[in-house]
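Note that subunit A is present in both complexes that follow, paired respectively with subunit B and with subunit C.
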Partner chain A sequence: MSMKKPVKKTCHSKETGQRNQGLLSGFILLIATLLLVACSVERPHSILDPAGPAAGHIATLWWQMFWVYAVVFIVTLSLLTLALRSRRREGSPMGSRFVFAAGVAIPALILVGMLILTLQTMDNLQATAEDLNVKVISHHWWFEVQYPEQGVVDANEIHVPVGSMVRFELSAAGVIHSFWVPRLGGKRDMLPDYYTELYLQADEPGVYHGTCTEYCAGVHALMGFRLVAHEPEDFSRWLEQAADPPPPPVEPQLQRGQEVFMRSGCAGCHTIKDVAPGTLGPDLTLIGGRRTLGAGTLENSRGNLAGWIANAQALKPGNEMPMSYLEPGDLHALVDYLWSLQ
Partner chain B sequence: MYRTFFLLLIAILVIGGMTYYTLRFQWPRDRGPKMVIADGDLQRGRLMVLEFGCSGCHIVASVRQARGRVGPNLENIREQIYLAGILPNQPDNMVQWLMNPREISPQTAMPDLHVSEQDARDIGAFLYMGSRYRMSQAADNATH
Partner chain C sequence: MKPDELTEERFTQTWMSRPGLLGWLAEVNNRPLGVRYMITSLVFFAMAVVMALVMRTQLALPDNNLLAPDTYNAIFTMHGSTMLYLFAVPFVEGLGLYLIPLLIGARDVAFPRLTNFGYWMYLFGGLIFFASFLFGTVPDAGWTAYTPLSGPKYSGPGMDFWLLGLGLLEIAGITAAIEIVVTILKFRAPGMALANLPLIAWTYLVIGFMILFSFPVLLLATLLLELDRAFGFQFFNPDMGGSSLLWQHLFWWFGHPEVYIIFLPATGVISTIIPVFARRRIVAYPLILAALLITGFVSFGLWTHHMFATGLPELPMLFFTAASFMVALAAGIQIFAWIATLWGSRPHLGVPMLYILAFFYIFIQGGLTGVMVATMPFDWQTHETTFVVAHFHDVLIGGAVLPFLAGLHYWMPKISGRLPGELWDRVAVGIIFVGFNLTFIPLYVAGLFGMRPNIHLSGRHGDRNL
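Coming up: the complex of A and B.
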C-alpha cells in the first residue's frame, strides 16, 4: 500500500504536466490568432473603435466589464483547478464562511457596482440640446431619411456635420426595426406610431456603417445604411445642393431616361423631386451620389445600378421592387438618367 | 485456400476495374480549352468585378456577392464558343467586349462602363479562370 501510492502520484502529476503544457500552448495560439485578426481586419461595425462621445461611453463600460469579469473568470477557474488537484479531506479546508463570501457576497457587490456604472453610462448617453434634427422612418427593408427643417428627403444614407449633436427622431412604417450605428452609439428601437429619440455625434469625418438590428423578417440581413459625417462647410454645401430639385435633363439620352422612368412604372413607387411623386420606395432624387444600392446591399456603381433595376430580386431576395423587363436601350437611358441625379 | 485466393483476385479485379473506369471516363474534369490572358492580374480582376458591378448582373465563380440574374452565368464562360452570341470566344475578343459591348452589339443590355484595357485584361483573365481561381490562389500561397 505504502509502496504503491507514491508511484501512482508521480505518474499522475507527469500526465497533468503534459496536459497543462498542451493547454498553455493552445491558449497562447488562441490569443495570438485573436490579436492577428484584431489587427488585420477592417472593422466598420466595431463598438471597440468608437468615433463619437456616446460610443466612447459605451466602449469604456465594455472594457470595465471585460477586465472585471476577466479577473472573476480567472479566479474562479483557479479555484476550480485547485479543488480538482488537491487531495480529498474529510472537512472543508476553508469553511462555509469562504463559500458565502466568494459565492454570494462578492458577486453581489460586483453586480451592484456594474449596475451603477451602467446607469451612469446610460445617463451620459442622453443629450438635451441638438444642432440638427433628422427624422428616420424604417420601411420594409430600407430607411427613409428626412431633414424636416431643411426640406430635404433622402434614403439609406444620412449626412451629418462633424462635431454637432444630432437628434434622430425614429419611427417605423409597419413592423418594429432598430437603428444602430455601432461606431457612434447605442441601439434604439423604431416603433410604428410612436417615435423614439436617439442623440448621436460623430467626431471625425468618414462613412459609418449603420444597420437594422431588430429582426424584421425577410431580408432583414440586407437592411443597412451609411452615415456620412462631413466637415461643417461640406455639409452645408451638400444640404444646399440636396434642397434644390434636379435640373430638367437636356441631353437626349437623359431625356429618354426620364421618359422611361415615367412610362415604365418606376414613378409609381419612387419620388424624384419635381418629377415623380411615388412614396412606396426610396426617394431617388439623390440616387447618383449615394454610396450603396438596395439599403447597403451593393456598392453604388453604374454596373450595379443597371443590374439592380433589371433584377433586384436576385440581389436582395424578397424586397418590394419587382423585376423589370425593359428594352436594353431604355435600360441604358434610365441608368444614365438616374446616375445624373447627384 | 485456392478458392479464397481466386475469389479475392476476382474481387480486386472487379473493384479495380470499376474504379479505373470511373476515374478515367466518368470523373468530372476540366474539358474546356485553356483560355489565358497572360498579363492579366487575377486578384485585381476579382476586385474589378465588384467595382464595376459585373456582380450586379452575372454569376461569377469565386465571387460570393456575384449572384445577379440579369445576364448570363459566367462561371464556365471559358467553355462557351461565342461571347454575347456574336463574337468567337477568344481572349482578345473578350477584352474588346468588356471595353465596348454596345459598340460591338448595339442591341445588348450590357452597359459601357468605361473599362480600361488593363482593367479588361484583368477581368477577362479572372473570368477565364472560373472556379479554378481558388486552386490557383492556393497554389500561389503555397509557393510563397
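Coming up: the complex of A and C.
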C-alpha cells in the first residue's frame, strides 16, 4: 500500500528512504500479525514447537539464524536507504574498500560464526545409543511399522516410550518417500535401494503427527502417520499386548465378522496375526486401537471405519483398497470384529 | 571512407532476410530471433502464471475438490517445468542473443543459422511439453522428476513428453551457449579487451560456460531415463540394481547451476541499469567480476544441498553448506558494489530503477533465507516445506524476474522504437511488489508450521490451519 506513494510523486529521493522504512515496518507488522494469528491455533506440524531434543536444537538454531540474518537484512537495507538519501556528490564516496569490507569481510565473519553454530548443532544432534529399534517401510501412501526384536507389526502408527532414543531404520517399497515428525526432529528420505537411519526422542507423552515429505504423486497429501509416546511402563504394556495374537472371537457377532473378513477378500491383502496372512495392505492386528484410518486420512471411529470399508476410493482416491459390496449386516459385523482388535 | 551506393545496396541485400513465410521461418539474424525467444518465453510465462492461479484457487479453501489429486499434481509439475525450462532460461538466452552483438560491436552472433536452429528446437520442445495436454497424459512427477517415481513403473506416457521436450530444450540451450561464448571470445570489436567488457557481457560469458558444463549432464540424464522408460534399461530401477539417487545427483548437477544461469544475467542487467540511473561508473568492477567467476565456479559445488535429507554421510554434506555460504559472499559483493555505486548519486527513479529497488528488498530476503535452508540441520526441518517454496520464489522472481522487468522497460524503447507510458508502469511496479510479498511471505510462516508443498489439499489434511 505504501508503494502507491511513488506513483503520484515522481520520487524526489527524500521520499525514497521513508518509503523503504515504511515498507519495512509494514512487513514486520504483517509477519507479526501472522505469527499472532498462528499462535492461537494448535499446530501439530510446527517446527517451532519442539517436543524432543533434536527438534529443540534445530528450533534454537532457527531463532539464532533468524535474529542474526534479520539484523543483516535491516542493516543492508538501511545502507541502501542511506545511499539513496545521502547528499549528492560527483563520484561515489564508497570505493572497493567499502565493497570488500561490507560484502566480503564482515559477512565472512558472520558466516564463519554461523558455521560454528551449525557444527555445534550437528554435534548436539549426534545420537550415541539407542534404546529401541523400529523399522518403518513406506508403501504407496502408507507406512508399515515393525518392531523386529519384539515381533510386533503395525501400520501408520508408531508407539515409543518417552525419554528413550529410538533408532528408526527407514526404507521404501517402490518410490522414494520421506519420514518426518516435525515436533521431534528433522526428516529423512526413505529409499527403495538402501536403508537410512534417523534417531528421535520424545520428551513428553502425547500423539505427534508425522507425514511423508517427499513428493510421491497421487494422494501424497494424505500420507501420514501418528507417533504415540507413552510413559515407559505404559509402553511395555502396549508392547506385550501387541505381541500376542488377538484371542479368537467368542461372541457370535464377532465370529460372524471374522467369517466375513475371511470370505469377502479382505484376507487376501491384510494380515491379522494368526488369522490371515495377506501382505499387500496394512496389517490389521491392532486396527481397533489406532487413532487414524487410511494413513492419517480420517479419525478412527466405527462410522469412519464402516465408510472406509464401503468406499475407500471416495476418501483417498487412487489407494489400493477396492470398494466393497457387503450386506449391511455383514458390514456391521465386520466393523465390530475389526473394532475388537485392540 | 564512405561506401558508395552500389556497395551499400549489395551490403543491405546480403544481410536482409528473405521475404515471406519462408524468410520468417529461416530468419537468422540475432535481433529478430532474440526478440522471438523473449516473446515465446513470455507466452509460456503467462501460461505458467495461469497454472499457479489454478493451484492457489484449489488451496484457497480447506479440503477443496476443484481439482482431483492427479490433476493438481500435473498442474504443479507443468508450472515448475514451464517456469524454469520454457520461461527463465530461454528468456535469458533471448536477451543475450539480442544484446551481446550490440554490446561488443559485432554484426551478428557467431553462428546465425545455429540461432535459428536453437529457436525452433526450443519452440518444439515447449510444444511437445504442452502436447501432453492433448493426449490427456500430462506429466505429474514434479519438475525435478525424481526416479523411480518418473520411471516406467510409476509414471505414464506423460513423462515421455516431458523427457523428449526437455531434450530439445537442452539442445537449444547448448546452441545458445555456444553462440554466446564464441561471439564474446572471438567477435569483439577491435580494442575491446576482456578486461573492458561490460559486466552484463561478462555474466553471459560466465553462464555460457556454465551451460556448456551443466546442460549436457541433464541431456545425458534425460537420455538414460528415456532408455529406462522406452527400452527397458535399468539405470534408475532399484529393483534391478539401478540407483534411486543417481538421478538426483545428475539432475542437481544441472539444477543448481541453472539457478545461477538465470540469476547472473539478471545481475548483469542491474549492473547496466544502476550506473546509468546513478550517472556514474560502477564501483568495484574487478570485485564484481571476481564475484561472477566465483559464483560460476562454486555453483557446481552446491548440488548436494538439495539432498541433505537423503541420508548421505553428514560430514561431506557439510562442505556443501560451507560452499553455499561462499556463494552468499559472492552475492554480497554485488549487492554492496551496487549500494556503493548508488551512494550519494541521487539516482533518477525511473521505472527500471523502481524494479531494482524492489529487487533489493525481495532478493536480500530470499538470499538470507537461502543461507538458512543451506544450513544442513535447519534444512532437515524445512526441506520439502513451503519455506523452501517461498525462498526460491524470492530468489527467482525477486532475483531474476524483477531485474528482467527492469531490463525490459530499459531496452523496450530500443527494441520497439517507442517510449512506454510512465504512470501505469509505476502502478505495475507497486502491484507486483506488494502482491508478491503478500503471496510468498505467508508461505515462510506456513513452512515453519510444517506445511508441505506439492499437496492438493490445504486445511485439516494439508497441514495448514491458518
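To be clear about the criterion, the second predicted complex is superposed on the first by the 306 of 342 C-alpha atoms of A that agree within 3 Å, B and C clash if a C-alpha of one lies under 4 Å from a C-alpha of the other, contacts with A are read in each partner's own complex, and residues count from 1 in each chain.
Please note the rule applied: a residue touches a chain if its C-beta (ideal position, glycine included) is under 8 Å from a C-beta of that chain, and two chains touch if they have at least 3 such contacts.
Because the structure is predicted, anything quoted here is derived from the model rather than measured.
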Check subunit A with both subunit B and subunit C modelled on it and let me know: fit or clash. fit
After lining up the shared chain so the two structures overlap, which partner does A:Thr128 touch, if you call subunit B first and subunit C second: first, second, both or neither? neither
Between subunit B and subunit C, more extensive residue contact with subunit A: C
For A:Ser96, decide between first (touching subunit B), second (touching subunit C), both and neither. second
For A:Ala310, decide between first (touching subunit B), second (touching subunit C), both and neither. first
Which of subunit B and subunit C A:Glu197 touches, first, second, both or neither: second
How far apart, in Å, are the nearest Cα atoms of subunit B and subunit C after the overlay? 5
Touching both subunit C and subunit B, counted on subunit A across the two superposed complexes: none
Applying the document's contact rule, which stretches of subunit A touch subunit B when the two form their complex? 298-299, 301-308, 310-311, 313-315, 328-329, 331-332, 335
Mind listing the subunit C positions that touch subunit A in their complex? 68-70, 73, 140-142, 146, 148-149, 153-155, 238-239, 242-245, 280, 283-284, 286-287, 309-311, 314, 318, 321-322, 325, 328-329, 332-337, 339-347, 349, 354, 357, 360-361, 364-365, 368-369, 371-372, 375-385, 423, 426-427, 429-431, 433-434, 437-438, 441-442, 445, 448-457, 461-463, 465-466
In the complex, go through subunit B and note every residue touching subunit A. 50-57, 65, 67-70, 102, 107-109, 111, 113
Footprint of subunit C on subunit A - complex, ascending: 1, 3-4, 6-7, 10-11, 13, 16, 20, 23, 27, 30-31, 34-35, 37-38, 41-48, 55, 57-58, 61-62, 65, 69, 72-73, 76-77, 79-80, 82-84, 86-96, 98-100, 102-104, 107-108, 111, 114-115, 118-119, 121-122, 125, 170, 174-176, 178, 180, 182, 185-189, 191-193, 196-197, 211, 213-222, 296-297, 317-318
